[in-house]
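Below: a set of structures, written as structure tokens.
Two complexes are shown next, each including subunit A; its partner changes from subunit B in the first to subunit C in the second.
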Partner chain A sequence: MTDVAVAGYATSGFAGETDKSGNELVLETNMAALENAGVTHEDLDTVMFTGQDPYDGAAISDGQKIATSAAYRKPIMRIQSGGGVAIHQARAKIRSGKADVVTVVAADFVTADPTTLSWSSHEALYHRPFGMNNRQSYGFFTQNYLDGSDVTREDLAATAAKNYEAAAENPTAHRREGYSTEAVLDSDPVVGPLTELMLGPMSYGAAVLVLVDEDVAAELDEVRGWVGGTGQATGKYKYRDMDDRLHQPTLRDAASTAYDEAGIAPDDVDAAEMATYAPSFELLGYEALDFCADGEGPSLVHDGTTAIDGPLPVNASGGPLATSPPNSGGVYRAIAACQQLEGELGRQNADRVLLWDNDMHLGEPARTDAVLIFEEASA
Partner chain B sequence: MDTELDESVSTEEVNPEYKYPFHWDLDFSLNIGEVNRRFFDELEEKRIMGTRCPECGDVFVPPQSVCVECYTKADEWVEVEQKGILESYTVCFFEFRKMPEPPYVTGVIRVGDSATCMMHFIEEIEYDDPMELVDKLEKGQAVEPVWADDRDGDIFDMDHWRLAE
Partner chain C sequence: MTRKAGAIGVGYSDPETFTDYRLSTMSKEEQAHEAITAALEHANADPDDIDVALFCTVDGFEGTFRVERTLEVMGMGDDIPVISINTGGTAGGSGVKVAYEYLAAGDYDTALVYGSPSFDSVVEAQPVMNTNADPLFERNFVTAIQMGALPSSGYMEISGATEEDFAKVAAQNYQNAAKNPYAHRNEAKTVEEVLDSPMVCWPLRRAMTCPVSSGAAAMVMAEEDTAYEHRDNPVWVEDIDSISNTFETGPRTMDWFPKLKTLADRIYERQDIDDPLDAFDVCETFNPYIPFELIEYEAMGFCEKGEGKHLIRDGVTARDGKLPVNCSGGTLATNSGICASLSRHTEVVLQLMGEAGERQVAGNPELGLAQSWGANLGQFQQMCVFSAD
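Up next is the complex of A and B:
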């Protein structure tokens, strides 16, 4: 099977509002990505959209972007489980021989209440009557984490502040104020132990990634990186054993597959981008990804390991607490991973960056996790 | 949800600068199915019933028609004890739809010996400062349902749950 390269990418950058239409965002970003990759719309075999109709305020909203994404007369596909899963599927399409050049396209441009949209995605009879939504699910998860461990709200706040410190150096990030641990703790309480600054904002913008097979890559002057391995897993919807949820078995399964496929161990990862919608997910993510032993997640924040200038920077982009576009977050995080391979983001040149993406912007139940390994060199 | 019918898509105003506001107010009607109907009928009679997997023996409250571990139809009904264990909880500090005035507490409750958990409001907790609520409860505490006087066959036939005596 062919290796798959990231030939190019583009993002509009993200903010709390945009005055551009969805098609304007997609057109500008898609054209920039194709140019960045050194391919044309005629080279493009397939377009993968990633997003959710409710965030676009239109049913089958990908269909309205056929023209601006250069998808006319091409086989297109919509992935609702996040950009990481879309890249996982795009890579599979290339490796199966069905396509040589694939774009993954995402945009966020409609103002709506994400908490209500999340509520509408939850189970109708037993969850919605209690207002279950994304933030409530993060509250359950985090409260359970704190109740069963020595982890404190200060640990959560320090983790958030670490992300904000990184975001302050990233011109693409939405929140760039560099909030301190104290500012995070002092922000408004939202749900359980989580404050407003322990949760992400609604961000708007677009991101496009261009993937190619190794033959196309060989014809290009350069590529941005290679996708060395990917894994994906989906959990149960019903609330069962909360301890099992904290263990994050789907993340562990996805990571195990990705590590095996890339032929690497967790120690081989130089940096990571994580779709962590509350600090608890990041701390427990360290453990699920085998960056540390179970129970030691907070120590990686306190000893500076995962800081932007640490030996294993996590979320050099600032992560979802700083930039949280629900449709395009996963594609943007993949771009941030590639930028770290190129030395254009963060403070180090990484040879290998792990991306953990998921669809938890809608809530934690029935989550789908994807883990991808981006590498500087082809295997 | 509002019961009064409205246009499915309507436009209230057009911002002359760059926004085009609209809202969706769609009416849906969900088939709740036999399993959920039986559960709600029993609630009306102040009984909490669950389904059991014939292979592994796991009991599910609320009921589910399939055991996700065995992929077997869970079609045996059992009545469970009206006691629960608080597996997790969270305090909501923001106003949301038709939920109670914040702060309010939502619990993830393991009812009887169920393998799954149920969600419900936890009430009758005394506090002075709303932030006290965050640390007022603990995972593993025993809880019990408080039945509504008027029951209509839905999840609010249990008005709320409270810490058990």
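Up next is the complex of A and C:
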């Protein structure tokens, strides 16, 4: 089975609005990514599109991006479960012999209210009538976390501030103001214990990743990294079993598969990018990924372990609290992981970066978790 | 070295669910449970045997954003990945493709592909479908029926095919549908009845266009070693591929399906197929507007361009002909959204297993072809070559 490399990537950068059309964003970012990878659109075998119809404001929205994503006369596939899952499947395209060069293309460009859209992803008879949406689910989850542990709102705010500190150094990030713990606590209350700065903004922009098989990689001058291991799992849509949800079994399952496939232990990870839509997910994510024992999550923030200058930086990009484009977040986080392998993001040169992506922008129940290990060297 | 992979079981929701979407009495969860349970039983498999589930749909038609998240039956096993696939009308075929790639690559051993009864949620699907067209120049003028009528009238001009030819193809599908318990329109309409139906949009009469149906389909697939643990006669995926056309329809000629021809040529070259009419024993095509079936014969190389009418006049594609096409009655008889594109594949699998009931073709079919069509004016084309064990 061939190894799969990240040959190149590009992003447009992210902000709270865009004056470009979706096709302008995709064309510019796609061309930049192909150039960055050292391949042409003629080398490209297939395109993996990660947009979701409601965010794009159109049915079968992948069709609109055929020309600008260089998919004309080529196969295009569209996975709606997030960038991490799309990369996971794109790798399978290469390893099954169906393609040698695959792009994973994502863009956010239609002005949308992600909270209202997430409401339309909830169960129609019992949950929509009382307004359940993504932020409600994060608040419910986080309040239960606080109730069952010694974790405080100050711990949550410190975790958020750590992300904002990193984002301030990242020119691609959306929120770059470097908010402090106090600023996070003082921002507007939203739901349960969560304030506005404990939640992500709606970000607009595009991201493209170019994956190649090992033969193509050998012909290129350099590649950005290798996909060393992957895993994914989906939880059931249920609201009542909070103990199970706080344990995050699907993340543990996906991580275990990815660690096994990469032949590594959690200690071997140098940095991580996580799709943490509230600070509680980051603290519990440390535990589910075995970065620390259960219950020890907040200590990694307080002792600086996961700070941008710590021994295990988490979200050197600033994470979803700083940059949260629902279609392109996962692809962007994969790019941020590769940038850390190259010393272009954060303050270290990592040999191995873990990406935890998920589709929790729609809410926590029924989440799909994907864990991918990006490595500097081919296995 | 990639692994061999194929289908080990297929299933549908209850025959009564294949009806007018407005008359559907089953919820999405119930239809999914029925189809998936039937596919698992057919595959001699348990829910825990499934490693990954591919949910195929178009979100706008579902009325729920990412509806698979609230369908517990999709993840019946132990927190398996449930992945949402949306490529419009080809989404069912895309699900088979993703499953095949996962199995061949070694990521998973067993996969479930589910085709949703997409159309039974929204009050009016047409405005949703229109969002798929160019917003400035095309959205206000093109609806589903024009998507069918434009290529059909263009095709009449280049081919000399007549209304009677179209009616013959339609009647052939209806005769087949009458033998298929999972067909929505299962009255064996005649050529005369088709021609007597009201004109909807030239040259399409009502009986030449598909209904809007409910009903669900599922397929269980596995890699080679696992497949033989479940059945003695898996149906293998020999090749599966797709192709994209422009989003704007201005550059298109509206007289044929040239991208489908390109796709077919690529597949036949890889599979060393010189004469597809001779090579294939059974075929299911995407024929929601009946002239498409003739266009597809030609684009997929069953005959020369413009000659499709002779295949129907001579009975070549009838159930007892040289290459039986759409023995299920096709999408013309049953258009349950994305289920309809997966059904092209499930029907070929049943034929190659020799388990298609009354609609089974004679002999022992060994090589089958499934095709689907989707997105803005057939922007996407997809084909899959299956072989019997």
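One rule holds in what follows: the second predicted complex is superposed on the first by the 378 of 379 C-alpha atoms of A that agree within 3 Å, B and C clash if a C-alpha of one lies under 4 Å from a C-alpha of the other, contacts with A are read in each partner's own complex, and residues count from 1 in each chain.
We adopt the following convention: a residue touches a chain if its C-beta (ideal position, glycine included) is under 8 Å from a C-beta of that chain, and two chains touch if they have at least 3 such contacts.
A quick note: this is a predicted structure, and the numbers were derived from the prediction, not measured.
Engineer: Between subunit B (first) and subunit C (second), which does A:G57 come into contact with in this model arrangement: first, second, both, or neither?
Structural biologist: It touches subunit B and subunit C both.
Engineer: Between subunit B and subunit C, whom does A:D147 touch in the aligned arrangement: first, second, both, or neither?
Structural biologist: first
Engineer: Between subunit B (first) and subunit C (second), which, if any, makes contact with A:P193: first, second, both or neither?
Structural biologist: A:P193 sits against subunit B, while subunit C stays out of touch.
Engineer: Which partner chains sit in contact with A:F130 here, subunit B, subunit C, both or neither? Use first/second/both/neither.
Structural biologist: It touches subunit B, and subunit C stays clear.
Engineer: Is A:K236 in contact with subunit B, with subunit C, with both, or with neither (first, second, both, neither)?
Structural biologist: both
Engineer: Counting residues of subunit A in contact, which comes out ahead: subunit B or subunit C?
Structural biologist: C
Engineer: For A:I66, using the defined touch cut-off, is the partner it touches subunit B, subunit C, both, or neither? Pick first, second, both or neither.
Structural biologist: Touch status of A:I66: second partner only.
Engineer: After overlaying the two complexes on chain A, where does the subunit B footprint on subunit A coincide with the subunit C footprint?
Structural biologist: 57, 124, 236, 238.
Engineer: Using the touch definition up top, name the residues of subunit C that touch subunit A in the complex.
Structural biologist: 1-2, 53, 58-61, 63-66, 69-72, 75, 79-88, 94, 97-98, 100-102, 104-107, 128-129, 131-132, 135, 241-247, 259, 262, 374-376, 379-380
Engineer: In their shared complex, at which residues does subunit A touch subunit C?
Structural biologist: On the subunit A side, the touching residues are 1, 52-54, 57-67, 71-81, 85, 88-89, 91-98, 117-118, 120-124, 230, 232-238, 249-250, 253, 359, 362, 365-366, 368.
Engineer: Under the definition above, what is the set of subunit B residues touching subunit A in their complex?
Structural biologist: 17-19, 22, 24, 30, 32, 36, 60, 62, 64, 68, 87-94, 96-97, 99, 106, 108, 115-121, 130-131, 134, 138-139, 154-156
Engineer: Could you pull out which subunit A residues touch subunit B in their complex?
Structural biologist: Of all residues in subunit A, those touching subunit B are 19, 57, 111, 115-116, 119, 124-127, 129-133, 135-136, 139-144, 147-148, 188-193, 236, 238-242.
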